[in-house]
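Letters A, B, C and D name the chains as they come in the text, with residue numbers starting at 1 for each one.
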Amino acid sequence: MRTVVRVVERIEETPSTVTLRFPYAPAAEPGQFVMLWIPGDDEIPMSLSYVEGDRKGVTVKAMGATSRHVLTIAPGDWIGLRGPYGNRFDLAPRRLLIVAGGSGAAVLAPGAERVVAGGGSVVVALGATRAPELLFRQRFAEMGARVEVATDDASAGFAGYVTGVAERLLAEEPFDAVWTCGPEVMMRKVLALADARGVPTFGSTERHMKCAIGMCDACAFGPFHVCTDGPVFSSGQLRSVPDFGVFHRDAAGRRVRF
Amino acid sequence: MRTVVRVVERIEETPSTVTLRFPYAPAAEPGQFVMLWIPGDDEIPMSLSYVEGDRKGVTVKAMGATSRHVLTIAPGDWIGLRGPYGNRFDLAPRRLLIVAGGSGAAVLAPGAERVVAGGGSVVVALGATRAPELLFRQRFAEMGARVEVATDDASAGFAGYVTGVAERLLAEEPFDAVWTCGPEVMMRKVLALADARGVPTFGSTERHMKCAIGMCDACAFGPFHVCTDGPVFSSGQLRSVPDFGVFHRDAAGRRVRF
Amino acid sequence: MAELGVELAGVRLRNPFLLASGIWGESGASLAGAYRAGAAGVITKSIGAAPREGFPNPTIESYGSWGMLNAMGLPNPGIDDYPKEVEIALASGAPVIGSVFAGSAEEFGRLAERMAALGVVALELNLSCPHAEGFGTEVGGTPPEVERIVREVVDRVRIPVIAKITPNTTDAPALALAAERGGAAAVSAINTVRALAVDVRLRRPVLAHGLGGLSGPAVKPVGLACVWQIFERVRIPIVGVGGISTGEDALEYVMAGARALEVGTAVAVEGAGAFGRLARELSALLDELGIARLADAVGVAHAAR
Amino acid sequence: MAELGVELAGVRLRNPFLLASGIWGESGASLAGAYRAGAAGVITKSIGAAPREGFPNPTIESYGSWGMLNAMGLPNPGIDDYPKEVEIALASGAPVIGSVFAGSAEEFGRLAERMAALGVVALELNLSCPHAEGFGTEVGGTPPEVERIVREVVDRVRIPVIAKITPNTTDAPALALAAERGGAAAVSAINTVRALAVDVRLRRPVLAHGLGGLSGPAVKPVGLACVWQIFERVRIPIVGVGGISTGEDALEYVMAGARALEVGTAVAVEGAGAFGRLARELSALLDELGIARLADAVGVAHAAR
């Protein structure tokens, strides 16, 4: 069941990242993703960065040909959608640490909004290569989260990887849970840091996706399929998967080291 | 959607007619029919002579090879069923005349029971070749209907066609409606008699049936399909169909005069 | 309001929807009813040289909303008894397309002549019934057979000839090309897809004939594939058939390459009202998409490739 | 409790249900998971000589409960990278059947040797993918091709060879007979049915490749017809596949002539739990019908004719 809709809004979030908003009625939860079809081009997995109501959104960072193509999409253009697919974040934590790198903030923001709305406190460790690339810095601030940033080039906040910020926060404050999304090597480090403090981690993982319905095995992740068993996995699951942070598979199913 | 069930009861109604009872859950109304499959043999249309609850029934008169085969079916034997199909009798009449010939009583009895249960009065003109073949004579009496019989061989009641009884009843008493089922030449006569008195008639017609779902045209009856538009037709409909009482079609679709 | 009218092999149709062969086609009154309800034209039941009762019942099995299995076995009154039905159908004003089936090219030719003489606007040759021994795919399942039969018929009649192609083949376009070479004015695709149901309690096939043909929504993707492939290789117009039950299904077929459409199972399921609904849905969809004339949409999906 | 175990070409299976090729077969862990969840054995993704990315997305389209369209384009890591996946699968104890595809008989032979060397219990030859240019039906769509490929492989390996047949043919039994002549230990039927979907708003096929293959409940009647027809003409065992999603579906296939079964779409839809459910449903049904051993039911529907 595929739906083809016209994009109604395009928001430039960072120099390399754009949010598209579109009418899409199916109910969705924070953590879930859609398959976004760019007619004439590829169909790629995208987390829903806006899950509420009928006007959903995705926030896309330019990585390769198709995601760059997404950045050229304007209001009025057709896109294809199917989903939402996958599981969701558990929204129970009262004191939540979010560690986001790259486009990872896209999948984390809707859940953070829910936690704050439910009376929880959220601290966000937000990393990017440079200050203008810090995704949803303002959105997190506006929802009432505390944002601590890190940039590789020291143009804002902590100079270096966001895991540095996460490490400090975990040392300074008590958290019920850590949510993380970003490069897998980063997530692996976050898992180790949180494990050391005994804080449960939930990581949103990415694997090559084709069917998105647990059929084709493209997204195999140890014994799991990211599309149906994930994309959100718990600390225990992540630790049990030898692939985590070590290798993913390319479109042919070959193992590729990170 | 076909269901295969075991017959649970076999009742010999007349020397040539047997009722089979079987578990069949789909809701049915008086007038509707099922397609009754005798595995290894044909599948033939049969009115439901018992429509209430989960234990439905059909009442089959031996006509040719398959119906004779039905008479040999014993409790425990498998039969196939699909349906119920077709429309139903309108149960509004308060003073109802039923004119039944041959196996026609099978389709009329359940509706008569409902009319009586609803406080209506029912008079049944019941015809057969000879007394033992009078179908449901006792059932009609037990439900509280008045039964007036006719036999070709004068072995019971009026000597001659049941239309003779019907003519008298229509002359003697006021009726809101006439229901009839039996040989089409008989039904045509009933229609004429009731028309003369201005009483609306509802006739349950029979045509060769294959699909029973309005697809194959085997049961074409003027502009109607007996399987989906019928089997019950009103006076107006019956009058509008040039075929009525004149010809039916054989399995090949050829017109055959009655 | 979008223009739904199309021309098929010289025949002007008020909309693309024809009643498919085998649905309601045994009686003239049913054919007339389909036209009055909105069909642009009606295709008769496939008529043979002699009356045929078809297979014993059960002849159909339903899969609920997505499909229907049948093995009617080509019941038909035979060409001798059929003229009065065509007459009634024609009296309604309907463009009637006469469908015929036969066991040989020669017999096809003779039947076609007789059917043509009844005043039908075109002929459809049933080369594709998947389950009747000695007919359908058994005589029209290979390109040389298709070509020979079509040529024989085309040589003997003056009205357009439509060859109805089977989906039970490795290469549907090869059959369509053969029809084109034989002189067909159009091809229609698809007939039903060979299929079977077993009753596990009775340990036997459900249909008396065993093998049957699948129709309804489940075969739409199969029909679309055939139309798509045929469009890429033949020039004569294509009549799309198989599982059409919404205006969107119809437009899928048109964009895949169909110029006209036949509707079978959906008409049986819904009744004659299906024709009006289909036309309304298609018209609304064309308006939504800014397509002024349906004919402009024929095959456009191929341009995107 | 009815005995569900069957023997297929010398391989003992604890129940008739095998994971169909192309579902979960890219990674060893997924194959192992299917076996642990109750599959009697697992068939690998069809593996080729070189890594292949397959077609771009969209590669699938869902029709809701009744069917699924896909054109993956035979993505696979290639035989060089595949041994570690087979190793993981075998470590679970699963009987692994290695599926291979190739563009020629010679290439099939070479690949088959390499796959056999990995310790799989049997090979399945994909002669039936309906949409990948140069493979599948394009090399295994006719009886002579099937026979040549099967013979080449049989000559080069010592394990049983299963030929997977296409439903996109006029004559499935002819393909099965060719496989039998070539020395196949069994045939499996069916692969997906050639199909297409069009998006009318985008005026293009939904799948990036255009044509794809239909699977799921809608193809069960088509698969049953193929198995039925093949059973009437070949002696080697048949593996039934296509739209199996209940125990009753399974028994339909067995009574039509299948000795073992493959399950694809239903496993994707429901997850690995489908295997346990299918076995439970089938077992309960056999008990209800008083059938002591599943093997006794193979082909019984033919006796009723």
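Throughout what follows, a contact is a pair of C-beta atoms (placed from the backbone, for glycine too) under 8 Å apart; a residue touches a chain by one contact, two chains touch by 3 or more.
As the structure is a prediction and not an experimental result, all values here were calculated from the model.
Among the remaining chains, none touches chain A as well as chain D. Separating the centre of chain B from that of chain D, both taken as means of CA atoms, is a distance of 51 Å. Taking the mean of the C-alpha atoms as each chain's centre, chain C and chain D sit 33 Å apart.
Separation between the centroids of chain A and chain B, computed from CA atoms only, is 68 Å. Shown for chain B are the residues in touch with two or more other chains, namely 40. Within chain D, residues 63, 201-202, 204, 304 each touch two or more of the remaining chains. The touch graph of these protein chains is an open line.
The chain pairs satisfying the stated touch condition come to A-D, B-C, C-D. Within the complex, the chain A residues that touch chain D are 1-2, 4, 35, 37, 39-44, 78, 80, 82, 209-218, 220, 222-223, 225, 228, 249-255.
The part of chain D that touches chain A in the complex is made up of residues 22-27, 29-30, 32-33, 45, 51-54, 56-64, 68, 70, 72, 75-78, 81, 84, 199, 201-202, 204, 206, 208, 265, 268-269, 271.
Contact residues of chain D toward chain C in the complex are 63, 66-67, 69, 137, 141-142, 166, 168-170, 193-198, 200-205, 210-211, 214, 217-218, 221-222, 224-225, 228-229, 248, 251-252, 255-256, 285, 289, 297, 300-301, 303-305.
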